[in-house]
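Read through the structures below before going on.
Common to both upcoming complexes is subunit A, partnered first by subunit B, then by subunit C.
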Partner chain A sequence: MSAIQVVEASKRFGSKLAVDQVSFDAAEGEIVGLLGANGAGKTTAMKMLLGLEEPTDGQLTLLGQPASDVDRRHLGYVPQGLGLYSELTVRENLQFVASSYGVEVPDLSAAGLAEIADLQIAALSLGIRRRVAFLAAQCHQPDVLILDEPTSGVGPLGRARLWETIHGAADAGAAVLVSTHYMDEAEECDRIVMLADGREVMSGTVDEALEGVEVVTVGDLTAEMTSAVESSGGTPLFSGEEWRIVGMSMEEVHRVLGKDARAQRAPANFEEIFISIAR
Partner chain B sequence: MLAMIVKEFRQVGRDKRTVAMLVVMPVVLLLVFGYAASFDVDEIPTYVAGVPESAVAQLPEILVVEEIDPNGTAGDAADKLVAGEAVVGVVGDGSSIRIFIDGSELFMAQAAVQVALVAESQNPAVSHEVLFNPDLDTSAVLVPGLAGLIIVFVGTLVTSMSVVREQEAGTMEQLAIMPFKPRDVFIGKIAPYFLIAAIDIIAVVLIGMWVFDVPFNGSVLPMATGAVLFLFVALGVGVAISSISQNQAQAIQLALMTVLPQIMLSGIIFPLSSMAPAVRWIGYLLPLTYFNLVAKGVMLKDAGFGDLAFPLAVLALLGVVIFGAAVVRFSRKLRPAKTKATA
Partner chain C sequence: MTWGLDRISVDFGTTKALDSVSLALKPGEVAVVVGGDGAGKTTLCRSIVGLQPISSGEVSRPDRVGYQPASSGVWRDLTVMENLRLVAGAYRLDSTHASDRIAELLEVTRLEEASNRLGGALSGGMRQKLGVAMAVLSEPSLLVLDEPTTGVDPVSRLELWSFIMRSASENRAVIVTTTYVDESRRGREVLALDAGRVLAVGTPEEVVNTMPGAIFESSEPQHGSARSWRRGSKWRIWVEDGSTPGEAVPTNPDMADVVTVAALRNESGL
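This part shows the complex of A and B:
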């Protein structure tokens, strides 16, 4: 039995179908990434799972039970807004969470937060705030950890540190569901579920997603050629050294740009796969 | 600059509550307070005892006789004044006529004193006595009402902002997935404001007594009962406002819409009897009107539970309805939604 299970879940807000028959699961110790652009339906899917939004259709369970029945001491959640009290200090926030769960206050020294323990959350950088929120969400060692855009707005070093923490939680046995719109973070996940406009457009491991998917590279594109590619359904991306065309075959590129375009096949990276799927 | 002006108009126009504040509220406030803002006293509810009917007919028009009791005594008149059923008691004993005036109803009492002085100058058998607030002290009348205003301020304004702040910061969602029952969150959320308001009331009353010599003639229990009931109403209004507000600015706007009428129409500043009937009825719907009766009754008139049964009952009713609705609405926000369990 998966710790997280979502079966054909849908959510409609008025005429807008925010999530459309999405299914995914996550086992204990597994990190599953919900990937997608802003507005793809990631947060809504997570909120349905946690019982913060009622699904229009589908079945969602945590540890085999619907969110309304599951013992909340098994859940850890870091919302996009982080859920910290900005007027309280780091220590006071953690004391509140720890006493709510009936556990010891986490060791701030071990977490590298001892020096800022008595600073108010409002005075801290976003990266530090996210670390505090992580610590709060994990202080009771939850079996299910749900993280909504945990690395958003954080610098590369901070993101690496947060992913270390996420892996640590999974290694300790937690099923982790994490949403992100950074495609390069897909590689941190054991499996990924890609959403676009509320629909699930891809599901599997990163290797599965990357397998056999190619883009066409060309040396240079004029403005006219870029327009021609776009009007033919391709997406030209400049990588710094070359142009990489997503969504068109070699033959199509030759037809649009001519045989002199010096086009070559190359393995797609994850962002390009997402663009190709989500188009 | 024109672009800025156009942008600003568009922004304001999209926020319906702000439009209501800017357009509808001034008109409503002008109409309501225009009819309410009057210190002129046209009618004074009067109890008459032991006075021949021929003499009753000669009473000035301003004294509106609510009850005539041929066998009534001065004690009965005082009881009527304590219970708030009359502001003036005219009691005759065959040889003299005594006019008792309820000094806790400041403006009506001032008007009644003028009537009494004229009567005394025309008839030496007439005398008057101002009860409960003999010097017609303004502070004696304002301090009990101020205690009520503090409850409104803390209970409604501060509480609504505090709850909305949780929603804005996303901490409400966090609370919803923590191992709390909705009831625990609700009580935990409002208990501090309950205590703060209680301490504020005690402080205001004590300062009123020590600094402004406001009497506290009654017992603490009916006052505390009225304060607790009123606090439940005010907290309920605050939580209800927070449940329909999306941000603190909206909560403040809505809270002010409930606080302002209570200040103006509850009888604390302007006497209810001076208001136009329709506006007066708005006053009768406001909880502060009844707490004001309780506070003044206890502090100035030594009123007990029996005398204050009606305002206490109204506060209890409003408390059950408003606080109950707020609890239900608040709990709904925190209760996990059904997610259709797998078979």
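This part shows the complex of A and C:
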């Protein structure tokens, strides 16, 4: 039995089906990434798991129990807005959370936060605030962690450090469900689930998603050529020294841009795959 | 003609918000400024458009500059069309020209059907596209966009980038700031900032090729090491002196490695 199990879950708001028969799971120690455009259904899926929204249809279970019944002490959640008290210090925030759960205050030195323990949350950078929020969410060692865009707006080193902490929680046995807008973070996840318009459009490992998918690269594109590619259903992307065209075959590119376009095939990256699936 | 910043510094009290930062770009070029929260991206944008007094250095900008602030600059209580008309009015564009230009921008941004919706009722991606359209409406020679893609989903981000590239192709210099390192490859020029200091600058290729030292990859956990960080299921190790760390294998650095190494050195004084 997986720690997180979602079976054909749907959620309807009025005439809109926000989540449409979505299934996925996450085992103990596993990090599963939830990817999708805005409005794809990620946050609704997370809210159903947290017991904040009742599913219209389907089953959501955490640790073998219906998500809405599970003891909250088994859950850790970091919302996009972080949920910290900005007028309180780092130590006070953690003391408050720890006492609510009846556990000891986490070790600030071990978390590398000792130096800033007595600073107000409002005075800290976003990256540090995110680390504090994460520490607060897992101070009671939850079995399931739900993280809604935990690295948004943080610089690369800060993101790497946050991911170390997330991997640490998974290595200690937590099942982690994480949503992100950073496509390069998909490689941090053991598996990914991609949503578009409430439906699951891809599920598996990053390597499985990348296998065999190609884009066409060309040297330079003028504004007119860009328009021609777009009106033929392709997506042109400037990347370093070349343009990469998603969603068109080599033959189609030759037909639209002519044989002189110096078109070549190249393996797609994850962002390009996401775009070709999600749009 | 080149626009940009020459060794500018901006002091806020005792804090150096920008510390001798330079960036130069020509018409038709896109420069990407990458950095996290507090890096100095907004101060840089405000300095180049003339909203922020600088402590030292020089700024060169054309007469006509388009600027989109990080808040998107869209009036939430006005419709899409009213937002665009208001900007056209502020620039005193003649009404026929303004109507043509607005129609063209609505088509390119695919906002035609939303033209009567309130700015506040748009999705994040649509609002940012409107913000860029407003900044480019007066056909400025220099366009400065502060975090247009933050919080915008990948599909809409791409539409924004294709709009930005199109704007640059009209012989316009464009500066775009972002927190997404992978977007640095959309620029001819990249400037990585951290706490007001330059971490790296140059073409994406130059920046990657001139990284000091080398990157190794290891399956062994490297907890607590100041020169390593986790990436996916592996650990990256930065080595400066040509040695090989244990079981690790050398790997080609990418932009994320370069920026991470620079931030490590900045953080710990390595």
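By our rule, the second predicted complex is superposed on the first by the 279 of 279 C-alpha atoms of A that agree within 3 Å, B and C clash if a C-alpha of one lies under 4 Å from a C-alpha of the other, contacts with A are read in each partner's own complex, and residues count from 1 in each chain.
We adopt the following convention: a residue touches a chain if its C-beta (ideal position, glycine included) is under 8 Å from a C-beta of that chain, and two chains touch if they have at least 3 such contacts.
Just so you know, these numbers come straight off a predicted model, no measurement behind them.
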Looking at the overlay, does A:Thr205 come into contact with subunit B only (first), subunit C only (second), both, or neither? neither
Would you check which partner chain A:Leu157 touches, where first means subunit B only, second means subunit C only, and both and neither mean what they say? second
Looking at A:Leu126 after the superposition, I want to know if it touches subunit B, subunit C, both of them or none. Which is it: first, second, both, neither? second
Just to be sure I read the superposition right, which of the two partners does A:Glu230 touch: subunit B = first, subunit C = second, or both, or neither? second
Name the contact category of A:Ser109: first (subunit B only), second (subunit C only), both, or neither. neither
For A:Pro79 in the superposed arrangement: first (subunit B), second (subunit C), both or neither? first
Find the residues of subunit A that appear in the contact set with subunit B and again in the contact set with subunit C. none
Going by the contact rule at the top, pick out the subunit A residues touching subunit B in the complex. 5, 7, 47-55, 58-61, 64-69, 71-73, 75, 77, 79-86, 97, 100-101
How about subunit C: which of its residues touch subunit A in the complex? 30, 35-39, 123-125, 150-158, 161-162, 165-166, 169-170, 179-182, 185-186, 194, 204-205, 229-232, 256, 259-260, 263-264, 267
Contacting residues of subunit A [partner subunit C, same complex]: 36-40, 125-127, 152-161, 163-164, 167, 181-184, 187-188, 222-223, 226, 230, 235-241, 271, 274-275, 278-279
Residues of subunit B that touch subunit A when the two form their complex: 169-171, 173-174, 176-180, 335-342
